[in-house]
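Structures follow.
Next come two complexes, and both contain subunit A; in the first it sits with subunit B, in the second with subunit C.
For the complex of A and B:
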C-alpha cells in the first residue's frame, strides 16, 4: 500500500514537472515572440543602414550609432510632434471615455426600446475600415472649419474611438450587480448621481482599458493625421516617423530610432496603468 | 455633488481646450499671398535639397508679397490618398503633383483644377518638350497638367559582384542573363531585386522591360492577350528565385536598400534615383555606389520583337487648384514658371539625376551616371511606357496581387495574366 502511494506520488510529481516544463516553454515562446521584434528594433536603431541590410539581423552594431537618435529628434523634429501627439491623444482620450461611459451606462443600465439595435450600431462602427471614411470625415472636418487644427484631430479621434470604448465599458458595466445601484436609488441617488458615485468607480478598470486602447489608437494613427493637417507645427509623431522614408529610399536606422522613441510613452503608460488594464481585460473576459 | 462639480469642471475645461485648439492655427490677416504646396520632393528624396533651395530663393525674392509653404509629404501612397481626397472634396491644394497619368482624366473632370492654357500662350509653352502637354488634355479641353518629370528606366548593375562571378560585361541576351543570375545566387548574392508589396514597383519595371523586349513596340496595342505577357510572366517568376528572402512582402525601398548594401547585383529604376548613387551615406568602405555600378539597356530576347527597347515613364505632373482670386492665380503661375525655368532645370538635373519634360541645356557638371542613362535613352530603338502607365488603372491595381500569387506559385504565368485580364474586364 505504501509503495503504491509512493508510486502515485512519483507519477504525480512527473506529471507536475511535465506540465511545469510545458507551461514554461509556452511562456518563453510567447515572451520571445513578443520581445524579439522589440529587441531587434532597438539593436537595429543603433546600426548603420548597411549593417541592417547586409549583416546578421541580431548581430550587435560594430559602432553604436547614437547619431540615429539625434537624427530622429532633430531632422524630423520629433520632439514637437511627440508633444502634439500627447496633447491630441490625452485630450481625445478623456473626451472619448467620458462620452463612451455615458453611452455605455445608458445602454447597460436602462431598459428602452431599440436598446440592442442602438448598441449594434455602435458595434458596426468598429467594423468599418477607417480608410473608407476618409472622404466623409474630411468633408465634415473641413465644413466645420477645423481643417489643420488640433480640434479637428481631437474631435475625429474621439469619434472614431467611441464604438470600441462603448463596447468595452458596457461589458464591464453589465457585470456590476443591479442591487448595488438599487441600494443607491433607495438612498435617494438620482441617475446621474448613481453614474458618478456608483457605476463609474466600479467600472474604473474598463474605463482604463478603453482609455488605453483609445490613446494607442490616437498615438499610432497616420492616415488622418496626414490628411487633415498641413502645418508642420500640428503634425503628430506617426507623420514624423515617415520622414525617413520615401518611395525609393529609406533611412532605416533613423526611422527605427524614431519608432523606438515613439513607443516609449506607450510602454510607460502601460507600466503605470498595467494593474487597471489587466484587471479590466480579465473582468471583461470572465463576464458571464 | 462634489464629484459632479469636478466632472462639470472637467467637461468645461475640455471644451475650452478644444475651442482654443481650434483657434490655434487661425492665420492673421495679411496681404501676403500664401501658396500651399504639399510636396513629395522632401526628406530623403534626391530632389529635396534643390526643391528647398528654390522655394527659399523664391520666397526671398518675393518677400512680403508671395510665400510658398511646403507641406512635407514623404509617404507616396499617403500623398496620393491625400491629393485624391482633397480634390474629391473640392479642396485641391494650391499646387501639387500627380505621378499617375491614369488619374489625370478623373481629376480633370472634377473641374477643380487650374487651366494653364492662357498662361502657356507666351514663351512658357516653348520650354516644354514638343507635344508633351497635348496627350494630357481631357474632355474639358483645358491644360490642367504640366508634364514635369520624365524618366528613362535602364538596368544598373554592380560591376564588382558581376566580376566575382566572371562577367566583365553585362550579358547580351536574357538567357545569358538568367545563367548569370544562377551564378550570382551560387556565390551567395541576390541577382536582382523584386518586390510585390505596395504597387509592386520593381517587379512591375522588370515586367515592363520583359514585355517590351518580347512583344515589341506594339505589344500594348495588342492587349493583354498578346503571348508576350505570359512569356514575360514566366521569366518574372524565375527571377523570384534569384531575389532576396521576403521579396514578396518587400517595398521598393527594400529593393533599393539591398542594392545599396551591395548584396544585390542588378537593379532597375528610373533616373530620379541617380542622386542616391552619389550620397555619402550609401558609401561602403569609402566607395560611393556610383564607383561600383554601370548602366545598360535591356538584354535582347532571342526571337523577340523588341530589340533595343527602353522603358520610360511620365513620373510627375505639376497641377494647381482653380483660383477665384486672380492675384493668387498669377502668384501660383509665377512660382511654377520659376521652378520650370530651363537654367534651374539644368541645375536640378545635375544635382538629383532626374530628367524633365522641359527643354534645357545639359549642365556642365552632369554626373557620369546621368550621362549613361541619357546614352541608353539615345541608343534606344524604341521607347515604351511602363506597364503601369500602359494598361488601365484596374490592371495596375491588380498587379501587386497577381505578382504575389505568381511568386508564391498560387498561379502560373497564364494564371497571372488571367488575373490581369479579369481585372481589366471587370472594371
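For the complex of A and C:
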C-alpha cells in the first residue's frame, strides 16, 4: 500500500515536471518571439549596408556605426517628425481629455432625457471601423480648410478618441460617491466649480488612463496622418517611416536606425505608464 | 442629481463639444458613406445617382471578393489561434510564475509599438536576401526552404498573417485581468480534491471567463481582422496579384483612383460585415453568459 502511494506520487511528480517544462518553453518562446526581432533590428541598425546584405544576420557589427543614427536624424529629418508627433499628440490629448471629461461628468452626474441613448452613441462609436471613413474624413478636413495643417490632424485625432475617453472617464466618475459632490453643492459651489474642484481631482486616475491611451493612439497613428497631410514639414514620425522605406530603399541601416528611434519612446513611455496603458487598453476593450 | 435651471445651460455647454465632435466625425461620416455608396462620383465633377450599381460592381470584382475572403481568413486565424494561445498564456501567467511581470511587460510590447514600425521590421525579416528568417533557416540547415516570403503567390498571405498571431500580449492581458477576479476558494477546493492545474484550468478558469473576457477577445480579434490595413499596406500593398488585399486596402485604392462611389460601397460592406460579426459572436457565446455565480465588475478601475 505504502509503496503504491509512493509510485503514484512519483508519476504525479513526473507529470508535474513535464508540465513545468512545457510551461517554461511557452513562456520563453513568446518572450523570444517578441524580443529577438527587436534586438536583431537594433543590432542591424549599427551595421554597414554591406554587412547587412552580405554577412550573416546574426553577426555583430565590426565597427558600431553610430552615423546611421546621425543620418536618420539629419538627412531624413527625423527630429522634426518626432516633434510634430509630440506636438500633435500632446495637443489633441489635452483637448480630447478635457472635452471627454466634461461630457463624462454630465453623463455620470446628472439625470436628463436621452442620457443613456447619448452614452450608447459613444460606445457604438468605439466599434465603428474608422478606416472605412477615410473618404468622408478627407473631405470634411478639406472642406474645413484644414488639409495639410496641424489643426486638421489635431481636430481629427481629438474627435476619433472622444468615444473611448468618455467611456473610460465616465466609468471612473460613476465610482465617486454623490455625497462628496452634494456637500460642495450645499456650500454653494456651481456645476463648473464642482467639476474643477471636486470631480477632476478625484477622477484623475481615469483621466490619466484615458490620456495615456489617447496619446499612444496619436503617436502610433498612420492612416489619417498619411491621408490629410502632404507637406514633409508636417509629417509625423509614422508617416516618416513610410517615406524612409522609399527614400532609403537601398540604405537599410539608416532606415533601421529610424525605426529604432521611433520605437524607443513608445517602449520607454510604456514601461513608465504601464499600469495606465494596460488598464486603458483593457477597460476600453471590456466596454467595447 | 437633478439639474437646476442655471445648471441646465452649463450642462449643455459641457456636452456640446463632445457631441459636436461625435456628430461631425462619426454620425455624419457614416451617413455620408452610405449616401456616396449610391453615387458615381470622383469628388470633383457633379455626382450621378446610380442606385446599387456600385455594390453590384463590387461583388463582380475578383479583387474585392478576394479581399473579403482574406479578411475572413484573418479574423478566423486571430480568433481560432491567436486568442486561444493568449488564453493559455493568461492562465499560465496568472498563476504568477517567477518573473511573470517581466513577461507580461514584454508580451505587450507589440501593442505599444506602431503598426508601421512593426510591419517595416517584418518586411525586412521576410526579405529574401538579407532577412532574419532566411538567415535562421540557413543557420539550422534548412536553407533550401529559404524563399522570397512576401513575393511568392503561396507564401505571401500566410507570411502577412502569421507574424501577428504570436503577439498574444493584448488578449492575454485582458484575460489575465478577468482571471484575477475569480474567487481563490474555487481553486483551493479543487486542489484539496486533488485536481491538477491543468484540470483546474479546464473546469474552473475557462468556463468562468468564457462569457466575459474570452468573448471580448474573440470579438476584438475578429473585428480587428476585418479592419486590417496598415500591415498589408506596408508589407505587400496587396501584392502579388491581390492575393494579400483586404477590404480597407481595396477601398483605399479605389479612393486614390477617384472612385469615391465604389470606395464608399466597400466601406458600407465593411461596416455591415463588422456588425454581423459582433452580433454573431455574441449569439454564439450567449449560452455561457448566464452564470449566476459570477458577476464581473467591468468598470474601468
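The rule we apply is simple: the second predicted complex is superposed on the first by the 191 of 288 C-alpha atoms of A that agree within 3 Å, B and C clash if a C-alpha of one lies under 4 Å from a C-alpha of the other, contacts with A are read in each partner's own complex, and residues count from 1 in each chain.
One rule holds in what follows: contacts are C-beta pairs under 8 Å (C-beta built on N, C-alpha and C of every residue); 3 or more make two chains touch, one makes a residue touch a chain.
Note that the coordinates shown come from a computational prediction; the quantities given were computed from them, not determined experimentally.
Contact with subunit B, but none with subunit C, is seen for A:148 once the two complexes are overlaid on the shared chain. When the shared chain is aligned, subunit B comes close enough to touch A:91, but subunit C does not. Once the two complexes are overlaid on the shared chain, A:66 sits clear of subunit B and of subunit C alike. Shared-chain residue A:111: touches subunit C; no touch with subunit B.
Judged by the touch definition given at the top, the superposed model places A:223 against both subunit B and subunit C.
When both complexes are overlaid on chain A, the residue A:193 reaches subunit B alone and has no touch with subunit C. Once the two complexes are laid over each other on the shared chain, residue contacts for A:185 go to subunit C alone; subunit B is not touched.
Counting the residues of subunit A touched by each of subunit B and subunit C gives the higher count for C.
In the superposition on chain A, A:19 contacts subunit C only, with no contact to subunit B.
Judged by the touch definition given at the top, the superposed model places A:267 against subunit C, while subunit B stays out of reach. In the superposition on chain A, the residues of subunit A touched by subunit B in one structure and by subunit C in the other are 52-53, 131, 134-135, 138-139, 155, 192, 222-223, 242, 245, 252.
Considering their complex, residues 15, 19, 23-24, 26-27, 30-31, 33-35, 37-38, 40-41, 44, 52-53, 56-58, 99-100, 102-103, 105-107, 109-112, 118, 121-122, 125, 127-129, 131-140, 155-156, 158-160, 162-163, 166-168, 171-172, 174-175, 178, 181-182, 185, 190-192, 195, 205-206, 209, 216, 219-220, 222-223, 238, 241-242, 245, 252, 255-256, 259, 262-263, 266-267, 269-271, 274, 277-288 of subunit A touch subunit C.
Of all residues in subunit A, those touching subunit B in their complex are 49-50, 52-54, 91, 94-95, 98, 131, 134-135, 138-139, 142, 145-152, 154-155, 192-193, 196-197, 222-223, 226-227, 230-234, 242-252.
Across the complex, subunit B meets subunit A through its residues 3-4, 7, 10-11, 14, 17-19, 21-22, 24-25, 36, 38, 40, 43-45, 71-76, 78, 81-82, 85-86, 88-89, 91, 93, 201, 252-254, 256-258, 260-263, 269, 272-273, 276, 281-282, 284. Interface residues of subunit C facing subunit A in the complex, by the touch rule stated above, are 1-3, 6-7, 10-11, 14-15, 17-19, 21-22, 24-30, 32-33, 36, 43, 88-89, 92-93, 97, 103, 105-117, 120-125, 129-132, 135-136, 139, 166-170, 173-174, 177, 196-198, 212-213, 216-217, 219-220, 223, 226-227, 229-230, 234, 248, 251-252, 255, 260, 263-264, 266-268, 270-271, 274, 278, 298-301.
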